[in-house]
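Look for chain A in each of the two complexes below; its partner is chain B in the first and chain C in the second.
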Partner chain A sequence: MHSYQGRVLRVNLGENNAQAEPLNMDWAAQYLGGKGLGIKYLYEEVPAGTDPLSERNKLILMTGPFTGTVVPCSGKLAIISRSPATGTILDCSIGGHFAGELKFAGYDAVILEGKAAKPAYLYIEDDEARLLDAGELWGLGAHRAEDVLREKHGPEAKALVIGPAGENLVPMACISSEYYRQAGRGGIGAVMGSKNLKAVVIKGAKGLRVTNAERLLERLQEIMHQDTLTEDNLWAYTDGTPMIVELSQTTGILPTHNFQDGNFPGFESINADAIREARVGKRACVSCALGCGNFTRRGASVVEGPEYETLALCGSNCGIADLEAIIAFNKACDDLGLDTISVGNVTALAMEMAEKGIHDFGLRFGDIQSYLEVPGKIAVREGIGADLALGAKGLARRYGGEDMAMQVKGLEFPGYEPRGSWSMGLAYATSDRGACHMRAWPVANEAYGDLDPFTSEGKAQLVVELQHYNAVKFSTILCDFWALSLDTLAEILTLVTGKTFSTTDLEKIGERTVNIARLFNVREGFTAKDDTLPERVFKDALKTGPTAGRLLPRAEYDKMLKEYYILRGWQEDGKPTQEKMQELGL
Partner chain B sequence: MGLKFAGDKCIGCKLCQLACSAAGEGVFNPLLARLFVSSYYEGPELKVQGRVCTLCGTCVETCPTNAITFAEGQLSFIPENCDVCGMCIAVCPEQVITPRENGVALCNLCGGSPWCIKWCPHEALVLEEVS
Partner chain C sequence: MERIKIVVTLAGSLNKYFQGEKVRAISMPAKAVAGDLLQQLSLPRESISFVAVNGVKASLEQALQEGDKVKVYPPVSGG
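And then the complex of A and B:
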């Protein structure tokens, strides 16, 4: 297949050894790249029971066949490992320009193994890969560290960096690039920290050779204008994800006060209009025609963002309606290397614990001063930060309040209230890495769309289809903001690789990817009992707004889950059947 | 007509550079493009840079062997005249002439319909009259 470099750089950090090896093209044909291919490599190479923070765990940086080309919205990199937050499979995607540079350096992937003897960073320039001393970088924020690396290796060098949170193995630590792009979830930054690896820096001069470039340029340009730069997608450019605040508020699913409600009176201070007023620039990932990044400034605070998830989790969910404070909180998290979703979620939980008299961490809904101190404390595990760094599940386990710890498998909820969008509850519960909005986003069809949000009818089918669709997109890799059809995706993949792919082929690849992720989790001991939601969703009704009085009845949830397993060809205990595995070639 | 770069519209996606290198060299490689754009953060600022051929003619005037000519609104490179002295690269004020094995690569406006403009999603690159 064209559009692959056909090479993987395998780096053993402990032995200070880097070797290029051929990409397994049989696997590439079955899983494409990104999420799917990365999970396949991890499944084959990391044995069951591996401690996520041990040197036996691996960190895989994976591109896809679209990376480095002009396929619109193809600038993302997949990073795959076993999650220290959940113990599940973990694949994150990060924007910016690193993925393209990796491809231009002549690699499809980098596999990081072992642990460096002392703090180090990996420098890759085409065929040269060296482990360099990171003594002076260790302890620096991700932003300053990236500045130092750019000064040293030139402005064209691209970097993946961790902040102090990753160094301190915080299970909500992320990996950052270009200040404001993050592989956010599941503690992927802690895996990097556990390897004593502060950064990966890359410069590529080789480029990606393609056959029939002119034909590619002509057809893809038509597709970009007819299918990408359209009303369905340009919201990403005009407003970006903050436009979702209004949608969630009007449909009653905007997380408020630790998911006690779906209706936030201060929403107008954090919606797309507010972000537009604060916006001073726009920025895109490489190859992205949409350019969703909003660079905003309020007072002394600047950030690229805040994205919807941050506005919801660190804004309404913490009772914070002050945009300047949210920008400052967002910037601090990005620099310290923390996932804003998990930090916002656990902060809100701690606020509610004080409200309910379970434990007083000195945090209150709406209190800006104490709120702004949280990221710094979590990143170094100091004071209340040592407790909050446990995450919502760990914090509730220690102090009580497990029913109101809004997480699945140890990963905190993102910004969609499942009691007002029932299929989102199923999507959270069955996502391969815990509560995630990127494995399936059925709110678009349900709460924001035409489907009745308060019925289980047809929802299992919807979630299954969306999970397949997203699994394929994240394997090619495309950004989820481009709402293209599988037919168009098949056409582009055929054009770019030279191998014919049909829509059915892609559906099968999506299903295979979901299933190998499931097999990884099954191997780690996860079963049907883990595919559930916090008790609050089943028993506490929302209080105000359009979803007042709503909950997700457990019987309806159980019905959706049962139907989901049947559609998937999984047993009642949540394991894929032999027939299904054979059908998918697993 | 020459290229004009509007930094306030550029989102730094580099589709222009990728399209340019693919059209000119059959390879996706921003380093081989005949133009350069960059968008990056530096401290509290978002910086945007762009360099395109402005048809200033300095390379034509400087080339000692007439390997670069200007006719019908476009630059042309004549490899057989080039002795690879590198002077055009050195004098180009926009630094958009780059070395190749037996000569240089420069912007010829793709014969009048530049790929970079066709690929720019937000009209940060346009054609405009130049004197």
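And then the complex of A and C:
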């Protein structure tokens, strides 16, 4: 298949050895790239029971068939490992320019194994790969570390870096690129830290081939006008994700005070209008026609963001309506290398624990001063940071309050209240990496769309279809914002690779990817009992606003889950049936 | 025929239907519903995700009242 470089760079950090090897093209045909292909490699290479922070775990950087081509919105890189936060499979995606550069260096993927003897960074320039000393970088924030690397290797070098949180193995540490782009969730940065790897720097000067460049360019021009520069997508440019603050507020699903409510009276201070007033610039990833990034400034704080998830988890969920404080919190998390979703979520839990008299961490809803100290403490596990670094599940396990720890399988909820969007509850519970909004985002059809959010009817089917679709999207890899039909995706993929793909092929690839992720988790001991939600969702009604009085009745949830397993061809214990595995060639 | 006045905000890129303006006061027939507003603005149903009336998501059948604040949101993807 064209557009693949056909090569993987395998780096053993402990042995300081880097070797190129052929990409498994049979697997590429079955999983495309990105999420799917990365999970396939990890499933085959990392044995069950591997400690995520041990040198036996691997970190896989995977591109896709669209990476480096003219296909718009194809600039993301998938990073795959076993999660130290959840123990599940973990795939994250990160924007910026690194993925394209990796492809131009002549590789589809990099597999990082073992552990460097001392802090190091990996430098890749085309066929040359070297492990260099990172003694002077260790301990630096992600922003400064990236500055130093750029000064040393030139502005064209692209880097993935971790901050102090990753070095300190915090299970909510992320990997950053270009300061403000993050592979955020599940502690992927801690895996990198566990390998004594501060950064990966890359420069590439090679080309790559697509099968039918002329027709591809023609079709992309048409698609740009028909499917890209349209109202469905241009909101990403005019407003970006802060638009979602009001969508959630008006539908009663904006997480407020640790998900005690879905209605935040201060929402107008953190909505898209507030962000636009604070905006000082825009930014796009490589090959992107939409440019969703907003640079904002309030007082002394400047950041690219805050995105919706940060506004929701670090804003309304912590009772913070002060945009300057949220920008400062966001900036601190980015520099320290922390996931704002998990940090905001666990901070709000600690605030509620104080409110309920479970334990006083000195944090209160709406108290800015103590709130701003949290990221710095978590990143170095100092004072209350040592406890909060346990994550919501670990914190509640230590002090109590497990019913109100808003997480699934150890991954903290993102910014959508499932009592006001029942299918989102099912999506969180069945997501391969714990509570995640990027495996399926049914709120768009339900709370923000035409479907009734308060019925279980048809929701299992909706979540299954969206999970398949997103598995394909994150395997090709396209940005989450570009919602092309599978028909169009199949057509572009055919023009790019020269192999004929149909819509049915892509549906099958999506299903295969979901199932291999499931098999990974089953092998690690996860069962149907883990596909659940915190008790709060089932028994505590929301208090005010459009969803006042709403909860997700357990019987309705159980009904959705049962239907979901049947549609998936999974047993009652959540394991894929033999027939399903055979059907998918697993 | 009796008429009511409502204040309409078009979020994001939808403001092209107001020639770049974001907010306008609109006069509607007294018995108008939210769906009638879309028709009056020539705003196709598929170009919006939903309409909120006075800060709460509303159905397109919801009757509009004098002084209502209506906001129309474009479809969104991702998250």
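The working rule: the second predicted complex is superposed on the first by the 583 of 586 C-alpha atoms of A that agree within 3 Å, B and C clash if a C-alpha of one lies under 4 Å from a C-alpha of the other, contacts with A are read in each partner's own complex, and residues count from 1 in each chain.
Following the convention adopted for this analysis, a residue touches a chain if its C-beta (ideal position, glycine included) is under 8 Å from a C-beta of that chain, and two chains touch if they have at least 3 such contacts.
No experiment lies behind these values; they were computed from the predicted model shown.
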item: Which superposed partner A:Y448 touches (first chain B, second chain C, both, neither); value: second
item: Partner chain in contact with A:F104 - chain B first, chain C second, else both or neither; value: first
item: Contacts of A:A483 with chain B and chain C, given as first, second, both or neither; value: second
item: Which superposed partner A:Y237 touches (first chain B, second chain C, both, neither); value: both
item: First, second, both or neither for A:D432, with chain B first and chain C second; value: neither
item: Touching partner for A:E304 - first (chain B), second (chain C), both, neither; value: first
item: Touching partner for A:R209 - first (chain B), second (chain C), both, neither; value: first
item: Chain B versus chain C as contact partner of A:C288, first or second or both or neither; value: first
item: Touching partner for A:Q221 - first (chain B), second (chain C), both, neither; value: first
item: Shared contact residues on chain A - chain B and chain C; value: 237
item: Chain A residues touching chain C - in the complex, by the definition given at the top; value: 231-239, 241, 243-244, 246-247, 249-252, 272, 308-309, 414, 416, 437-438, 441, 443-444, 447-449, 479-483, 545-546
item: Footprint of chain A on chain B - complex, ascending; value: 11-15, 18-19, 21-23, 25-32, 38-44, 46, 48, 115, 118-119, 121-122
item: Residues on chain A engaged by chain B in the complex (per definition of touch); value: 68-70, 72, 75, 97, 100, 104, 147, 155, 178-180, 205-210, 213-214, 216-217, 221, 224, 228-229, 237, 280-291, 293, 295, 297, 302, 304
item: Contacting residues of chain C [partner chain A, same complex]; value: 11-14, 47-50, 52, 55-57, 71, 73-79
